[in-house]
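Take a look at the structures below.
Here come two complexes built around chain A, the first alongside chain B, the second alongside chain C.
Coming up: the complex of A and B.
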């Protein structure tokens, strides 16, 4: 196995294209475990560790954020992002354990696309846009379109996720990530990422995204619409939860049966919405 | 690199060039070429925490870092904490509590807690310690005495005597 250390994205893209079945490695917190377990044996690895600027988190005037794909989960956890973007920090705080978050990267977690991971649903709830760079140039795609299937993203084999962009969160927006896991630091049995835009207690827009309930983050227009223009009370939240429950196709594994997961969805959606609402009340 | 190659890094303050094969991890390097066997190989997949070391001042899983990707990094293992005042206090409290049974998880726990004591602004309570050690598994299940010792040591270390200089 060859390991390359490019210092620019262009160089990294060239290396990735030049070596068939090469993989990118950033923090390596999942990839190296897979190598150790013999689940993966790529002929070449392109390390992104020395690519200039890829670990930078930039706060724009107005509240927007651009983060390089190699920003660590620990850095995102501590970033204190405002409004709806708090969902990203809360999700990052709950990824595995401190030593993993110190080196595990945001981009790595998104590209691995584990349906039970914490960051994918949070980035969909925050309506992030992702930049991918390949041999023919750069393209932008929404987080919602990025996750295609189990452990599969819309990235082509010769593309690298380089940056994640977040628009300024709307005034009155709040975000929360509610994770239900069997033990501290485990993957979620079910998780819910919620962002709400509130105006005098009325929800103008919502994005509710489930983790660990489908092949990727699960969001439904109908569920989000069920919360729009309501005071997100018991009935509207129960309706959104029921719609998501109906659409969910969870796997069965050691963290819970498919039926168990489906059953707890409405309750967890309610807790996530409640946690988000509580922030709005604390603010006013 | 394709075959074994030299990796230049600092281990416990000493600049070393160690030979690492392709696919070797930092843990392989430490336990093999560097002959530092304090860091234990438990799960070899980042779950158990027995191989926890400090990399560039932050707790890290040695089994999840490619050796060749550690070039230029500063690594501190449990052996390198000999003389660290926080680790010394922790050692005393762990002995007092009987917080060591088979001992396999102990080095990782000592490194992880040393990192906590160095970075915490106030002494951690039992809940904070439990949360922090969530990624360190003790298969003897001796958690109660480990947490007790950590809370007492944290009370003595955090916010009082300065430990190693902040990174």
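Coming up: the complex of A and C.
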């Protein structure tokens, strides 16, 4: 297996295109484990660790954020992002264990597209935009469009995720990530990423995204609309939870049966919304 | 015992701690030998199959491969602890998924693994036996068709096909006694297969020297068992085998028999080179050992005033594909099945059966956690029906010093009542227990809170052990024994006992342990026995050294030995004459260079307590006549049950244990906390699972154990000291009991919180939520 250390994105893209079935490696927290298990045997690895600027998290005036794909999960966890973007930090804080977060990158976690992972639903809830670079240039796509299927993203084989952009969070917005797992550090049995924009206790917009409940992050327009223009109390939240529960198609694995996962969705949605609301109340 | 020596009861730091914290401790896999080869194993893909043929040509042809072995290459020599049913590689048939079928030794690990993957095995699948029910059903397929022909310890009592052993402990007249009961509770309890999950997977290095002597360095719990089993497996006299022990990363019973040592020794013999094999975590999960899952039927009756009258218990343990320790695990479970209560009428019966799953074996608690989960849950169910406080109910029936255990043995020390009352009082029990099992537990946010208790016993003792103590020329001491420090602190505790017995500072003691060529025999590091049994041997050896020191001093001062006293700090002098004294160094120099010869003391014993009383009790087929002295504990646990997810969270726990005497209280507390955590995992999260005989969670990604963030900081160890007359400075064991009491106390707390009795563990969120939903529908 060949290992390359490009220092620019252009160089990395060229290397990736030149070696069929080559893979990018950043923190290696999933890829190396898969190599060790013999699940993957790529002919070449293109390391992104020396690519200039890829590990930078930039806060723009006005509250927007751009982070390079190689920002570590630990760095995001400690970033203290404002408003709705707090959902990203909370999700990053709950990825696996500290040693893994210190190496594991945001881009790596998104590109692996494990439906049970913590970051994908959070980035969909934060309505992030992702930049991908390939031989023909750069394109931008929404987090919602990025996750296509189980372990599958919209990236072409010769594209690299380079950056994630977040618009300034609206005034009054809050975010929370509620994860339910068997033990600390496990993948989620079910997780809920929630962002709400509140105006005097009334929810103007909501994005509720489930992890571990479908082939990718699960978000429903109808569920989000059920919360819009309500004081997100028991009834509206229960309605959103029920809609998501109905749409969920969770897998069965060691963490729980599909039926069990479906059953706990409404209660966990309520907890995520409650956690987000509590922040709004704490602020005012 | 107010005038205890300085070293006893001292919170001394462990001598291995600095190396372990720095990553400098050397485990077997850290070691290499010149010219060493690396080994890999090919395991069976089927739970039951006949091996029709094995093609090793491609593996042998791979450059770097030095040997490929299959069962056909090995001598037909079986071994085991009670039934000689095991071989290093499958002989003709495979009996569980993962069973080693072939092994490779090669110049490097990648080559060994690649070669193992090239071995082609032609199997004829056979009908597997995948559960206790399937094992015992009429017309069941035998897992071992030639069981009758195996060499075994006599009188294991098996009656049916697939029964490894059948045993009974009974007293009184159970059938007649039900008429005397005002309340009777009946239930069936199921307990899972727990994996040992020691941090260090099994590992061994074997090499032969030119004279044909075999040296095996391995993670183990007994160099003496390793040596004896290798002697049988390789047809070598024990004098041609040396077994030693590098640092060991936990064992919990999983390394108590031989593991991969015979296989690695065969590879070393075949290649003439040192060979190392370390299992991957997945291989270790699939090829090694586990706790016996079991089905327990229990019926217990009491009078209205809370007096326990009768118990009928039947347990079946799933022993898996090989018998290993099953006969002893079964019998010990039955011996614990009356619980620490004076129940006059008991019928306690059970069996262990073969199935086509991984072998089950000794595991911290040794048959006791299975039984005690069931019986202690049932004690709470009875208390509920009687309207009695669960602690009061237990105290009313608790055994005491001078009382009898089932089987007739006298209880020589018993701090059970003190454990119960101290755990209760520390927990603030009365204020925390608003109702009994009526779902009255208060909590917030969809969470129900409850508190539960358990009381339990165990033994320490078992079989033989020995130690030697030598006085070095400068008066410091060389202690040798074969207790393995598995991480529990055995080395430090025994050094403290030696320092106590000689009344010197522990820094003046050097230890050599667990090396069959350099330290004397010890049956095993297990059974909560090291402090009590090896400790007694150390005291005996040290006493012999004291006698010799006194004799030398008396000769030097030309006085009677009775006029000599041993003084703290390593001196001997004339009683009442402070200035007349010699240091141990003075005496040792005299012994080495002038008269008498170097001072060496040895001590050995086989457990020598009271035997079972076969006239008072019906005891069928239990393989031991006496096994140990009794130790006691009580746990109180406070939990919250999340009604949204069904998850049980432990908020706080109080674990009181009667250890006779805490030689090193810090180490005792560590054992209590560690055992409780492993028991909490058993109660709530740990379970090895199979589908169609295939293990479905043999990895640490799928099989979860609790880590520090999952459990409260408040696991309060409460050390109760009721000195045991036969123990070293009154000490008894502590290794296993902290695990035993956790699951029932947690289940009783869940019942208190929710009003629901879960009779199956682990109480996973899904099981708890199912129970809550079922109750809501009623």
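Quick notes on this structure:
Here, the second predicted complex is superposed on the first by the 284 of 284 C-alpha atoms of A that agree within 3 Å, B and C clash if a C-alpha of one lies under 4 Å from a C-alpha of the other, contacts with A are read in each partner's own complex, and residues count from 1 in each chain.
In this section, a residue touches a chain if its C-beta (ideal position, glycine included) is under 8 Å from a C-beta of that chain, and two chains touch if they have at least 3 such contacts.
Note that the structure is predicted; figures quoted are calculated from it, not measured.
Considered on the superposed chain A, chain B and chain C are sterically incompatible, since they clash. Put simply, more of the residues of chain A are touched by B, taking chain B and chain C as the two choices. In the superposed model, A:2 lies in contact with chain B only, and not with chain C.
In the superposed pair of complexes, A:135 makes contact with neither chain B nor chain C. When the two complexes are overlaid on their common chain A, residue A:201 makes contact with neither chain B nor chain C.
Shared-chain residue A:53: touches no atom of chain B or chain C.
Touch criterion met: A:184 reaches chain B and chain C at once. The superposed model puts chain C in the path of chain B at one of 44-52, 62-70, 98-106 or 116-124, which is 98-106. Counting contacts by the rule stated earlier, residues 183-185 of chain A appear in both its interface with chain B and its interface with chain C.
Chain contact summary for the complex, chain A toward chain C: residues 180, 182-186, 189, 253-254, 256-257, 260, 263-264, 267-268, 270-271.
Across the complex, chain A is touched by residues 1-2, 22-23, 25, 44-46, 49, 52, 55, 58-61, 63-66, 68-69, 112, 115, 130-132, 134-135 of chain B. Residues of chain C that touch chain A in their complex: 445-446, 644-647, 685, 689, 696-697, 702-707, 709-710, 764-766, 769, 773. Looking at the complex, you find that chain A touches chain B at residues 1-3, 5, 25, 28-29, 32-33, 35-37, 45, 47, 49, 74, 96-100, 102-103, 183-185.
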